[in-house]
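My structure is below; once you've seen it, I'll send some questions.
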Amino acid sequence: MYFLSDNAGPVHPNVIDAIVQANAGYAPGYGDDPLTETARNLVRDVFEAPDAAVEFVVNGTSANALLLATMTQPWETIFCADVAHIHKDECNAPEFYTQAKLSLVPTVNGKMTPEALRTKILAEQNRGVHGPQRGPLSITQVTEKGTIYSLDEIRALTDVAREFGIKTHLDGARFANGLVALGCSAAEMSWKAGVDTVSFGGTKNGAMGVEACVIFDPDLAWEFELRRKRGGHLLSKHRYLSAQMLGYLADDLWLETARAANARCAQLAAGLYDVPDLTVQFAVQANIIFFAMPRRAHKRALDGGAAYYVVNGDPDDGDPAEMLTGRLVTDWSITAADVQQFIDLLHG
Amino acid sequence: MYFLSDNAGPVHPNVIDAIVQANAGYAPGYGDDPLTETARNLVRDVFEAPDAAVEFVVNGTSANALLLATMTQPWETIFCADVAHIHKDECNAPEFYTQAKLSLVPTVNGKMTPEALRTKILAEQNRGVHGPQRGPLSITQVTEKGTIYSLDEIRALTDVAREFGIKTHLDGARFANGLVALGCSAAEMSWKAGVDTVSFGGTKNGAMGVEACVIFDPDLAWEFELRRKRGGHLLSKHRYLSAQMLGYLADDLWLETARAANARCAQLAAGLYDVPDLTVQFAVQANIIFFAMPRRAHKRALDGGAAYYVVNGDPDDGDPAEMLTGRLVTDWSITAADVQQFIDLLHG
Amino acid sequence: MYFLSDNAGPVHPNVIDAIVQANAGYAPGYGDDPLTETARNLVRDVFEAPDAAVEFVVNGTSANALLLATMTQPWETIFCADVAHIHKDECNAPEFYTQAKLSLVPTVNGKMTPEALRTKILAEQNRGVHGPQRGPLSITQVTEKGTIYSLDEIRALTDVAREFGIKTHLDGARFANGLVALGCSAAEMSWKAGVDTVSFGGTKNGAMGVEACVIFDPDLAWEFELRRKRGGHLLSKHRYLSAQMLGYLADDLWLETARAANARCAQLAAGLYDVPDLTVQFAVQANIIFFAMPRRAHKRALDGGAAYYVVNGDPDDGDPAEMLTGRLVTDWSITAADVQQFIDLLHG
Amino acid sequence: MYFLSDNAGPVHPNVIDAIVQANAGYAPGYGDDPLTETARNLVRDVFEAPDAAVEFVVNGTSANALLLATMTQPWETIFCADVAHIHKDECNAPEFYTQAKLSLVPTVNGKMTPEALRTKILAEQNRGVHGPQRGPLSITQVTEKGTIYSLDEIRALTDVAREFGIKTHLDGARFANGLVALGCSAAEMSWKAGVDTVSFGGTKNGAMGVEACVIFDPDLAWEFELRRKRGGHLLSKHRYLSAQMLGYLADDLWLETARAANARCAQLAAGLYDVPDLTVQFAVQANIIFFAMPRRAHKRALDGGAAYYVVNGDPDDGDPAEMLTGRLVTDWSITAADVQQFIDLLHG
């Protein structure tokens, strides 16, 4: 009953195996090894983007910050959702790397609308040197609320961006969960929908710690590499990073793990709808659920062995009837039995 | 015959085993798991520093940059060797994180002398707000030239620093190699010698990618943690970083691997002294050798299957008799037979 | 009929005279001259703050950015009004100097309420290292909308800040206009109301280009001085900056010029209330008026020789009946006849 | 007898007059006024560069930092003299604005040689992402030692730079003093000699506080303007900055003041050669002299009313016979009688 985050479960055995297999003999460091080139090409294949620059880092914060820095000038502002991870959960890393600022676009169910985006872009009107200049757009798929942009919705946002000469970054920490939910290809959910760069997550979906930075314009590759080194994000024993990505992509493991996580989440959602005094707050489309129930019910669930975040209050302290919001995240390793146990626990 | 770097060999099986053992069940992310606390305590034990702050990162550049940033104000200058890794090999990462500059102290055999350090500190004389203010000292043990500071030499440098109210960082990417060469304890080579923070390397000595940042003044811990997150260097699945450190320190593996690397280097050095037209350039004290021999000899060695850096010229192009410098680095995995094969190759 | 900004008019003759008087003989540079010390003491007298650190810079953006940088850590967020100059009009200078980010507090009539501030501070809840940490509060007096915080309102905001251990900066680009409107002392409108640092403006109120940075905690003085030099904001021929401040404060010129500017603005407001199809949008309390009238009326006024900003549209292009907002700012030099001429022009 | 610096004397009356004349009526702020455009064009005329971007700032540190930032990427290193002002006297402002580092080229008599420059550039060899990349060259004319690069010497340095694809910045805080000494034109000492950007100083040569940033490639203009605003260096009442430059350039005042300063310095040098126990240390070519004499002689001169820096020791404390170095700087306002009085004082 561990729903704290999709970074809390074990690494998939295939990824461990790939690391173990990579652990033989000698290889040049810093990504100049053959395994890394193989992994890069595999990502290019996945994205149907043979010319894309592909580089690996250990986590999503560095992927986002480095990609955005490569797309942004220090006097610009980055447009993103008001609930975006880059705004709320990265301790100013995007500002550190880009030296720019963020303009927050209001969201509905975790998603920006084209209208809200346009309004915000227009509000950063052209006042010469006085205000920040318009920088890139950053979209998160799956959103922080567990909802998903349809391909049309992504395209509508990138169309607005393009109208103003603005490029688009996709924070894809849960790229796979979104992709299998939409049943589309990686290309469709990225460059075919107008996206210029992607933080392609592996860590939350079965890897140990690897994200691919995918840049469809290869002219930006060298700047990205310099920024990565300068940020201290180039690994010396790089092959172990690449091995993870190989294990993650081989035999479509990444799709399998994402489907498993989403399926467990759907099972959870189905079970929750019956629970008295419990409201699911957003459409459940991937592997995240937000739900409200009384403090006393949270307390009982947590005391009963469930693990998840209570977002807006202390489950142990306060009015027992007060409605508090909990967040459940499923990863590939959660079992159907686990989910059922949790639902049973809620039913008391 | 792979002497390119000590980051080119495989991860020690014990470290892999530790990762595999850590890969079970659920654990909170971002270092809040019990394995991480165990690993922190193990490092504290190694340094006989029960109150020290200990945090893990994936590589030496981030360890150095984050520790220095925690010790330095943006208007200061950091004193370091003119051959220091933080100056020559980190693509401005220290400047990026500290926002400060570096003052280069001339070296002899890769080592700063107390006199040279004092001269440089005095040269950054107190001219009010005009020049940079004096920031911390950074010492590298083992040095970039493969030489080692004795405990007295470290103490003499930190004494000079202390005289000016300056704190000291130790870049210990090869801490273990230095320690076993000196036959001293980690405490003796750090805080007992006046060092305030240590980048305690694991990656070059058998780990996959982990360094411990050791801060003897725990009051700096929180700032360090915030800087690490802001730099994108806090891993979500943190337990796998900690597991590496556990495997690395358990049963004194780190000392064993360092002794193995140093022993192979000593074997190399012994073999090289006989080779005609070959000069070893610095005292061989740890696991690095710089040596000069004619271009034609380099070419023959490299064509014969050896792998190492030729530092100052193209081995394939130029006067065959010109003396070029090569660098050999041994890691724990190099075998005595490998070394002998290389020496035989040089003898022709 | 020049109402474009209070930086568009001439320098007051007394300030010019002070510069001319300072222009004799030799003086050490960089603020080590006696005139500068006299000017610093005069500011300390004005603020009844004998121990305050007082330093001069040439404009408001640098004053704000340097003061905020001295109060903020790079991993923090600064709380300010959503219409604040530091957010909208300084091209990321605050972010550049502080390396931090801004959290925008919603405003009513240009003013934050204590409730809105508290809500925003609470929203930047303590989530460990993940989100930005809480940094200082920045209040603007006179606000961007021409409204004024009462002393009680300032105190209510700083009280909320203090409750969370947060310090307060006052952007006083129009400090004098606010002060004469409130009829209070500089001390009452700053440290007695809980303010820790002030950007004390001179430029918009008769000086050529000088702002005093007032820091009530003198322990921050040295850091401020280093940041000022590092930002390139320390003038070599510093006495001419100090002379301006002397001329500005001598014989209460600063109060006289502020009263003149506010009086002309009041005269404007009185005249505008009669103009058909014209609505004044905020309380007119200092020297700024926002007003709406049809595009055709703006066009006629501007064609007739008036100069002011039309904030949200092109006066020459669009539906003649559309209501557009104009901004009028009066400085000390505007004459009553000028104002009357403009009102007559509007009346057609 | 005031030789402390050329920023210690009064502003030339013509410059004050120009300010006073500018002080009438209303003008748009931030450089959008006609006076500013006139001043820009005057600088373009002086440099025979009708397309150059020309912008004004208040001091040399900001001019240098902003120009270098416009020419440099954060992962690069700037080549400059080991005695350069940007290295020693700007409290990390160049590092703050560029985010890059400086590579110090050894100097002889304050001047880099092409050989030394080439050696340093080669030392920053191409090692992929590991080291900093090669950034621009910065030359100082007049040098910190009071010596002057001939046009051929400047050309030789920029030729080396160009060979490596490197652009050149000229720190011309004392541009006029160098120019009149060489008897050449501004074009000859800049773009005709391979220079790409110039910090064209006014402050040290009779202005109050103005430097022109001259960028021969106008494509960089917009970035420069954004960086200036973001650095807080765009003045609102900009016309007073422009007026200074107008007064400075009108009727060749700038040449006249530079000739006066240089002439007084030559007079000083001529007088010093006779003084017993006094050695002039560098060729006296502009308006700066370094000289050595015993501590007791310094003490007597300073006690006798002379003002100048003693560079390397306390004139009041130490062995009376120890040779200490003094620095004399003449500005336009120093009189021949002043100089004679000082020489008489030295002769005792």
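Note that the chains take the letters A, B, C and D in the order they are written out, and that residue 1 is the start of every chain.
By definition in this document, contacts are C-beta pairs under 8 Å (C-beta built on N, C-alpha and C of every residue); 3 or more make two chains touch, one makes a residue touch a chain.
Computed from a prediction, not measured in an experiment: that's the story for all the values here.
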Pair in B-D, A-C or C-D that repeats A-B, with over half of contact pairs matching by residue number: C-D
Farthest chain relative to chain B (centres taken as mean CA coordinates): C
Approximate Å spacing (C-alpha centroids) for the pair chain A, chain C: 41
Inter-chain centre distance, chain B versus chain C - centres from mean C-alpha coordinates, in Å: 51
Residues of chain A touching at least two other chains: 74-75, 90-92, 96, 99, 129-130, 133, 226, 229-230, 234
Graph class of chain-chain contacts, one of line, ring, star, complete, other: complete
Residues on chain B engaged by chain C in the complex (per definition of touch): 30, 73-75, 99, 128-130, 133, 223, 225-230, 234
Chain A - residues contacting chain B, complex: 2, 4-5, 7-11, 16, 19-20, 23-29, 57-62, 65-66, 90-93, 96-97, 203-204, 208-209, 226, 229-237, 240-241, 307
Contact set on chain D toward chain B in their complex: 74-77, 88-92, 95-96, 99-102, 104, 127, 129-133
